[in-house]
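In what comes next, subunit A is part of two complexes: it sits with subunit B in the first one and with subunit C in the second one.
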Partner chain A sequence: MMDELRKKAKELLLAGAVKVVIGYGKGSGKKARPLFARRPEQADKLIFDGSCQQNLAVYLTKPELKALGRPAIVAALPAMRAILQLAMENQVAEGLLVVIGLSPEGKLIELPDFKAMEDYLAGAALELTAEQKAKLEKIEKMSPEERRQYWQDQFAKCIKCYACRAACPMCYCASCLVECNQPQWVPAPSHAIGNLQWHVIRAMHLAGRCVDCGDCERACPAGIPLSLLNQKLAAEVFKNFKARAGLSAKQEYALGVFKPEDKENFIK
Partner chain B sequence: MAEFEPKIVAFVCNWCTYAGADLTGTSRIKYAPNVRMIRLPCTGRIDFMLLLKAFDQGADGIIVSGCHPGDCHYTAGNFHARRRWIIFRQLLDFIGIDARRIHFAWISAAEGAKFAQFVNSVTAEIKKLGPYQSYQKAIGAGIE
Partner chain C sequence: MSLDIKLLKKESLEQWFGKISASGRRILAPVERGGKVLFEEVSSPAEMAGDYIQTTLSAKSAVFPRCEELFGYALEGKEVKLEERKKEPQPTVVFGCRPCDAASFAILNSVFSWDCPDELFKQRLDKTAVVSISCKKSDQYCFCASVGGGPGDTKGSDVLLTELGSGDYLAEVITDKGKKLVALAPELFGAAPAEDKAKNLAKVPKEFDLKALSEKLGRLFDNNEFWLEQSLGCLGCGACAFACPACVCFDLQDEGNKKGGRRLRCWDSCGFALFTLHASGHNPRPAQSQRWRQRVMHKFGYLPDRLNYLGCVGCGRCSRLCPADMNLLEHLKEIMNRD
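Up next is the complex of A and B:
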């Protein structure tokens, strides 16, 4: 299986179709790390197994990567969704990158264009797993005071390193609101209110855009369950507006459009 | 001890609710003096961060109000705002911020009486809830 991937990457690099292949290589211990293969022989170092969790689409919008030239990217399901979402937001364009699709078992999927990716995703399971659902429901069932306490305890761990932002393929803004200090929207120190506000902003700015790859949570050195916030808002967006992020390069941003008949029950 | 007087911040749109509140005044209708109005061009301009910042500054309650759907001066600002609020309220509820402290209403420039009545009812409700201590405690908590 891995041979297939290496062969494909090597072909692309040899033919000069791409300048760099973004994939996974062996990291320290049992971890995988991102690998940027720029010469055909480097493609032999590519791997794909259970340790390859990172959503590599995060690199597509980085100026350093863009400077290298046309990329190919090894993409499992979350990365495919991220690529489509980035395309929908005009951050990547069809034809300017090659997607090497991989099924969860590591089988190569031919994805010549975005349409093929959309078709593949249409048949993919996108619902939360039973375990994820149980975690969400556990919090939803708490009393408001318990919920407040739960999140206050979680956010208290935050050291404001913004690793969640760095790991997120959707957080590509060149200048982030967090760095804005006139006005200072988010207090810079790791403070109860500042932490809360940062996580509210992050969740809101990803509502309807998050592709649920879980990289924010994996990147968090403090172990804050960030995916819960994203999954909750994704579920609300789906429930209210029937929209899911990253399924088509042509869909609209759920919070950027509206329907006159949108339903709510709290505006008097 | 004197009765608790809540601080309420009202984020209102320039074209409907602000003009509606003006009408309340010119109609000589009395309403609770607890409200501090902040006029913005449109409800579509009311960023969710503004609401959180109001709590930072010690607000006990928040009013958000603008034109009725279909009446927006900019055609669709309030429709966009509505979608954002639907999601934002769910997020607040999920992280345990008291959604009962943020009130939304559509109040047109002709509804001076509705404005007064809405402000009064919100003030009464926030009075019942008392000061927003859990948030204010967090502000004073210092660096973690």
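Up next is the complex of A and C:
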């Protein structure tokens, strides 16, 4: 199956259809790492297996990658969702990239356009795993005081390295709100209030946009369970607006549109 | 300072911790927290993480906190009143760090005592003692032996413990600070056995020659394609710098209102685009490839040239936790493979 992937990537590069194939290569030990094949022979080093977890869509909006020219991207489910969400937010455009879709087993999926990706995702399992649900329920069952203490303990570990932001395909802002210092909306230091504000603001900014790839949590050197925040907010958005991120290139952003029938019962 | 070698029984550790705590010193030691190993205050060796090659973050926060208040200020009419925030730091024992970490304190000190001695840092360093534990195990990310260290190296440690086959420790008492710690409970330290220390250490191979690396780096500076190729995966976060025991860059932040406020010093990273952004909007390092080059050059070129210290102890943390698996040792080896 890996041969199929390599063959496809090589064809694209040979034909000059793309300038770079963003995929996975062998990394340190049992890890995979992003591989950027710019010459056909480099495509021979592409791999795809259980170690390939990073959501490569994060690279689509990096200026260094954009400068290389038209990309092809190896995309498993979370990357496909990220690409559609990025398209919905006008960050990538159909025709300006090639998506090499892969099933969880590593089988090539033909995705000639965004519509094909939408169709594939319509049949994909998007529910949280039993383990993820259990973790979320554990937090939900806490009293507000316990929950506050839980998150305070978690955020106390934050060192503000912004690995969560850097690893997130949806955190593509060229200048992040936390970097604005006139005025300083969010305190930059990694003290208690600075950490709390950063994580709450990030979670809110991702509400209804997060594609649940889990890269923020995997990237966090302090081990903060960031996915819990994102999963909770995704569940709330789904419950209230029946909307899920990254399933269509054209859907409306639940938190960005007003509809007369929107519930107002949260105003008390 | 003559090297003093003793035997510390495994079961005596608990009592030694007790004596150290009773002397008013806080003990920072590796503790397991949700799959990560972090330095936290402990009172007993039982709280320490059992089996770790390296802690996730370094012990540098003991002397260089990730966020600290430098001074406060108050505005009274047109007057600005500065309020000193100097307070006597608590005597601290960094316990159970690795020899590579022990060596890193001198690197931090070389920068903080360079042209303008940093009082806050110096006070903390003076009050910090380092009891490190030799490495029995290493992994593919470790490269201390290539940067002047080793799994049983005593540099920077006040006491170095090496676990023997029996589980007891060979204690090398290296400095006066170390002697003072041992003097808190001299009855716990017996005569050293004849067992060979080297036998109980990990084998970390020497992977490259520093002098040759420095020469190659000098010639590579302008090779933009090389640095681009090396850094395409870099996401531009600060995880490597913040986990690094030798990264010393900081950012100053003022927090306040019309009546006053405070100035804070926070860790910073050359990997951030904001790091070199000028007020004019110009950024001398606009691309991640230039920022990655800076990271490598600073550690292996500029620091050794200017302060005679290498900015890396080969602990491997940056590579272990990089979300894009940027492996520093591999990158250095690739530099060595260049003509």
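Throughout what follows, the second predicted complex is superposed on the first by the 265 of 268 C-alpha atoms of A that agree within 3 Å, B and C clash if a C-alpha of one lies under 4 Å from a C-alpha of the other, contacts with A are read in each partner's own complex, and residues count from 1 in each chain.
Everything that follows uses one rule, which is that a contact is a pair of C-beta atoms (placed from the backbone, for glycine too) under 8 Å apart; a residue touches a chain by one contact, two chains touch by 3 or more.
Small disclaimer: the values here were computed from a predicted structure and weren't measured.
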For A:105, select first, second, both or neither according to whether it touches subunit B, subunit C, the two together, or no partner. neither
In the overlay, answer first, second, both or neither for which of subunit B and subunit C A:232 touches. first
First (subunit B), second (subunit C), both or neither touched by A:204: first
In the superposed arrangement, which partner chain does A:41 touch: subunit B (first), subunit C (second), both, or neither? neither
Touch check for A:189: first (subunit B), second (subunit C), both, or neither? both
For A:32, select first, second, both or neither according to whether it touches subunit B, subunit C, the two together, or no partner. second
So, A:3: does it touch subunit B (first), subunit C (second), both, or neither? neither
Contact residues of subunit A, present in both the subunit B and the subunit C interface: 189-191
Touching subunit C in the complex: which residues of subunit A? 27-29, 31-34, 36, 54, 58-59, 62-65, 157, 159-163, 165-167, 179, 184, 187-191, 194, 215, 218-219, 221-223, 225
Can you list the subunit B residues touching subunit A in their complex? 48-49, 52-53, 56, 69-70, 76, 79-80, 82-91, 93-99, 103-106, 118, 134-135, 138-139, 141-144
Where on subunit A does subunit B make contact in their complex? 139-140, 144-152, 156, 177, 185, 189-193, 195-197, 199-201, 203-204, 207-208, 229, 232-233, 236-237, 240-241, 254-260, 262, 264, 266-268
Note which residues of subunit C are touching subunit A in the complex, please. 33-36, 38, 56-57, 66-67, 139-141, 228, 231-233, 235-239, 241-243, 251, 253, 255, 264, 266-267, 269, 272, 274, 287-289, 319, 321, 323-327, 330
